[in-house]
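Both of the next two complexes hold chain A, though its partner changes from chain B to chain C.
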Partner chain A sequence: MQNNLKSIERKLGYTFSFPILFLVFIIIGFPSIYTFILSFTNKRIGYPYHFIGIKNYVDIFKNPVYWRVLSNTIIYTFVCIIIKLMLGFAFALLLNENFKGRGFVRVAMLVPWAIPGMVAAHTWRWMYNDQYGIINAILRNIGLIDNPIPWLSDMKLALIAVIIVNIWRGIPFFLFSILGGLQTIDSQLYDAAKVDGAGIVSRFLNVTVPSIAPVLTITTLLSTIWTFNDFDNIWLITGGGPLNASSVISTFTYETAFISNQMGRALAVAISIIPILIGLMFVANKLLSREDK
Partner chain B sequence: MKRIISIILGLAIVTSIFANGAQEQNTNKKKLVFWDKSEYVQDYNVLSKQHFDEFCAENNIDGEYVIIPPNDLKQKLLASIEGGNPPDIIVTDDFSAKQYAGMEQLLSVDSVMNAVPFTTAAKNIVQVTNGNFIVPMCILAPAMYIRADKWEEKGLDLPTTWDELYETAKVVNDPENDFYALGYPMGASGGGDAEAMCRSIILSFGGVPIDENGVVTINSAETLSALKFIAKLYTENLCPPSAITWDDMGNNTAYGAGSVGVIQNSGSVFSQLQKENPELLAKTRILSYPSGVAGAFIPTGGNVFCAFKNGESNDLAIEYIKSFFEKDFYENLLTKMLGMWQPTITGVTDNDFWKDPINSGWLESSKHGVNNLYPAPSTDLIANAFSEQLCVKAIQQIVLNNVDPQIALDNLEQSFKDTLGQ
Partner chain C sequence: MRKSNLKDRKLKKIGIIFFSILGIFWSLFPVYWMLKSSITPDNEMYKLNPSLFPSKITFIHYKDLFTQTKFMTNFWNSLYVSIFSTAIALFFSIIGSYAMVRLRYKGRLFIKNSIFFSYLLPASVLFIPMYIMASKVGLGNNKNALVIVYQTFIIPYCCYMLMSYFVAIPKAMEEAAYIDGCSHIQALIRVILPIALPSIAVVATFAFTLSWNEYLYALVITTSPSQQTVTIGISNFKYSDTFIWGLIMSSSVVASIPAVSLYMLAQRFLKTGLAAGGVKQ
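Right after this comes the complex of A and B.
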């Protein structure tokens, strides 16, 4: 009798899950499989395509531009996440204290997050302009520089320029996620730590950080994935230039697909980073599982 | 109570489904989708939309008019072609349109070319090897704009050759006071200005990117001299540092702001200065392109119409394109463009507007340029090589990465061959 009930429950479960699984397959599964297949063809929009084996993958792995772009992506992601985490944490600690005007400051800190991406990108692009941008104007007026800095057309500065914008836009996400976590910490834990003679640093490392570790993990993981896949910020400010100096995987894929009209090759580029993203998921899953225990 | 609310909601959903279906039956009109180019002179898009709306009303069809910036068109169009849902009509640059002709996506426009009296110069900019697929809407003859006051201050004659331009630019250049003698864009932004300028200099130095048989012939001593010449305009700080990444708007903006002394552009700048900065226009002279040892080559293109085979309304698309060239409408539109456009049809220049010396100068210039792909035949792959801005990227390699010019030229030759499948 009990086995029959379990069997019926199992069948009902599958029956009710089927529509959503079907939908997920149509929206995500089928396009992913089709993308994978097309990456082995010489697909160009407007022309018939043919299977060419692993030629696309061989070509991209032999292309120094691909490795440049991949290294840019890793540098971009790593630097942005580290700085956003540090600054977001610092601001969260600050905004967790009581001070006059705290409410106003909290709202003001939301602005970079709230501004539409396109507006922010165009504004920063104008600010970075070497002839009439405000950044160079201020730096020249205070005597820090004699000649304007070509923020967006220097091979070394272009990537730094877009990193700054990503950090500016991404801090609020870390700030408010961590702030939410900080506000759930029981103050008695700090009292107990003080009684035991723990200093500020010790209380931070042994009470604060462990208490909000799950929040830190999930926030960092989500932000890492978003930053790794960042497109509009870079495309609108530098277009990935000059000469791929600020190009990342997403902009390189877009350029290969729609500017050079080499869709098969572009899909091969996109597929090539899946192992990296799976690795990230694996690490995150491990960390989160450890937290659950 | 819950049952009653559920029944009411269910009836509402069913009713709305049937109502929507009924509405779709009632509006069974044909539809015409037009992706128009976003122009510098706003009057164009206003008049174009008005004309389109009138055409749709007269023919009892639903019209969808969309304005697309030139830098965004290729990506959007490729996505729509891949999705099997391209627009019926587009307006784009001539070199861009030639790529789609080779994809066999375009409708034959033989009936338009036979019905409308196009000039020889207009037919030259739309020629492709596999038939008539592109209709010339207007010619955009370029010229050199120069701050004559800056040259006169230094007692210099206005330059007529590239060498004269370089030598006088060195004298006029004043970066410490935020004034650069030259404002040539060299960004790989997808526009045509930078690539056209490179090819114009290469041709005037005696180099030939692709010959009349479609063979890549770019790797020559003449082209090497041209590349070195272009690169030194940036490495010697004669152009603003950011010019190496400017898109097609960069030089317009810089000239209008008074921060550069020379640009090369179509009448768009002239129109803009007439309206917004007549004082600057008074200090400007508009001259022909400088010449080199092989002469002067003025890359002349224009805006063109294309109609897509897989669009919903092929017949209407063709009829709309024909209607665009109705004499009264077209003549009026040309005058609103303030000399930025030159006509592609005969019989519309016998009026006071074109008798004005400045406008007649633009008109004359439009008859003597070479198309952007000159001297190569106009195929989709050769148009693609222009669109990919290969010469621009070679210059960027020399200026930004300090690549040896000969190595950059060798790489450029290989890039051309890869794109053309040679």
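Right after this comes the complex of A and C.
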């Protein structure tokens, strides 16, 4: 009887998880392995292909553009994350205070997250427009500049321009995760610290930060993975230009595959960052399973 | 002592007001600019010094959008893809999460981990495999391919969220059902689902917006307007390198409405803390 029940449970367990296994192994796994193999070929859309060994990988590692793109990706990720973390933290502290109108500020600050990413990208592209854009108009009117700034066509500014938009979109994610953490802190901890004579800064460093350290790490890590792979934002604002100045791995992969029609090589580009991703994923998995306990 | 306290409090109040205004302005200005541009006549829009407020309001961009373009087709496609992909993902995620949280069988942990890794696997790595798969199975340029491909991120997201909700439901309630002679499936339907229904609704809402907002897969898999979703439709409003900003802004407003309103509805019920971090930026 007991055995029978256990076997029913086991059967049901496998039946219920079968669709997930199908998704992971057939829909995701099989095409991934197939394309991994294709990265060793000279595949182009609409042509037969043959194996060329590791030539694609050698080619991309020899290509200075690849290294430029990889360094852009790392700069983009790093700068975006640091600023999103700082501003998200600051605004979480603000919304953790009790004040009139807090509800409105909360909803307003959620909006950039709720707006579809490509809508945000188009809107910012329009605001950045060097002739008719509102950003240049405002800067001109308050006397900061005389000539319009070519936000999206300047080699140095293009990457900064897309970074700003990613930060705009990404602050709410940090804000609301951190705010959730702040709200779980026991207020007695603050009172105890006050009795011990701790000032604001010391209370922040010794009570606030340690209490939400797990939330901070996981939020940062998840956002790092998503920022590292951001596509919509960059593709729709600068297209990776000018001359790859704001190109990142994801846009470079797309360009190589669908515009230069070098599918095999594009796959080599996409696969080349998998070690970095797997590293980040393992850390995330470790942290989150610790969080469960 | 008292005086400095009062001063501190005043300073704090000024700080709060200052940063609140800053936060509101920073978050809402682009949205305002999108709305404003969508009702600004072309001759005023393409002026060297655009004014902050429209002097004349026009709905010509919206009229053009609904009558001259295929945008409504894109809109219905988005609705179709989002509804079906959410419904399918929800069904499989509910039974899958239930199994992983409540049933004992070998390999459970392995399945849990594989969901977690799929959750983090980005579209920028998977889009070529998905593109090739869709063409191989004859679903190239077909919106139904999106319904399948979107499962790669919606199911992991739903499972990840649902598992955390299901775990929190006290086991005693199911045990009472088992004593009454319920099977596992009956316990799931009669005990777990009613309790978890509000959380399931929240997860469904976010799953819907995830698929509504998706861009990269839609870009590579669908090529004709009859199959494309709004995210692609908006980007199509240009002649070679010239953007038709009036149409882009008005279609952006229309495309934002479902996602933003659902977000606003669901955010009140969102579990705070880590679970809040489940939704991709």
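To be clear about the criterion, the second predicted complex is superposed on the first by the 259 of 293 C-alpha atoms of A that agree within 3 Å, B and C clash if a C-alpha of one lies under 4 Å from a C-alpha of the other, contacts with A are read in each partner's own complex, and residues count from 1 in each chain.
In the analysis below, a residue touches a chain if its C-beta (ideal position, glycine included) is under 8 Å from a C-beta of that chain, and two chains touch if they have at least 3 such contacts.
All values derive from a computational prediction rather than experimental measurement.
By the document's definition of touching, of the two partners only chain C reaches A:277; chain B does not.
Partner contacting the larger number of chain A residues, of chain B and chain C: C.
Of the two partner chains, neither chain B nor chain C is touched by A:144. Contact with chain B, but none with chain C, is seen for A:130 once the two complexes are overlaid on the shared chain. When both complexes are overlaid on chain A, the residue A:153 reaches chain B alone and has no touch with chain C. With both structures placed on the common chain, the touch criterion links A:242 to chain B but leaves chain C unconnected. Looking at the shared chain after the overlay, A:112 reaches chain C, while chain B stays out of its contact range. Once the two complexes are laid over each other on the shared chain, residue contacts for A:266 go to chain C alone; chain B is not touched. Of the two partner chains placed by superposition, chain B and chain C are both touched by A:258.
Of the two partner chains, chain B is the only one that A:46 touches; chain C does not reach it. Contacts of chain A with chain B, set against its contacts with chain C after fitting on chain A, overlap at residues 131-132, 254, 257-258, 263. Touching chain A in their complex are the following residues of chain C: 12-13, 16, 19-20, 23-24, 26-28, 30-31, 33-34, 37, 45-50, 52, 92, 95-96, 98-100, 103-106, 108, 111, 113-118, 120-130, 132-133, 148-149, 151-152, 155, 159, 184-185, 209, 212-213, 215-216, 220, 231, 234-235, 243, 245, 248-249, 252, 255-256, 259-260, 263-264, 267, 270-277, 279-281. Within the complex formed with chain A, the residues of chain B that make contact are 74-75, 78-79, 81-82, 99-100, 103-105, 175, 178, 187-190, 240-245, 254, 257, 259, 384, 388, 393, 396-397, 400-401. The touching residues of chain A, counted against chain C in their complex, run 6, 8-10, 12-14, 16-17, 19-21, 23-24, 27-28, 30-32, 34-35, 38, 90-91, 94, 97, 99, 101, 104-105, 107-120, 122-127, 131-134, 137, 140-141, 168-173, 176-177, 179-181, 183-184, 215, 218-219, 222-223, 225-226, 228-232, 236, 249-250, 253-254, 257-258, 263, 266-267, 270-271, 273-274, 277, 280-281, 284-285, 288, 291. Only residues 45-47, 129-132, 147-148, 150, 152-155, 238-239, 241-243, 245, 254, 257-261, 263 of chain A touch chain B when the two sit together in their complex.
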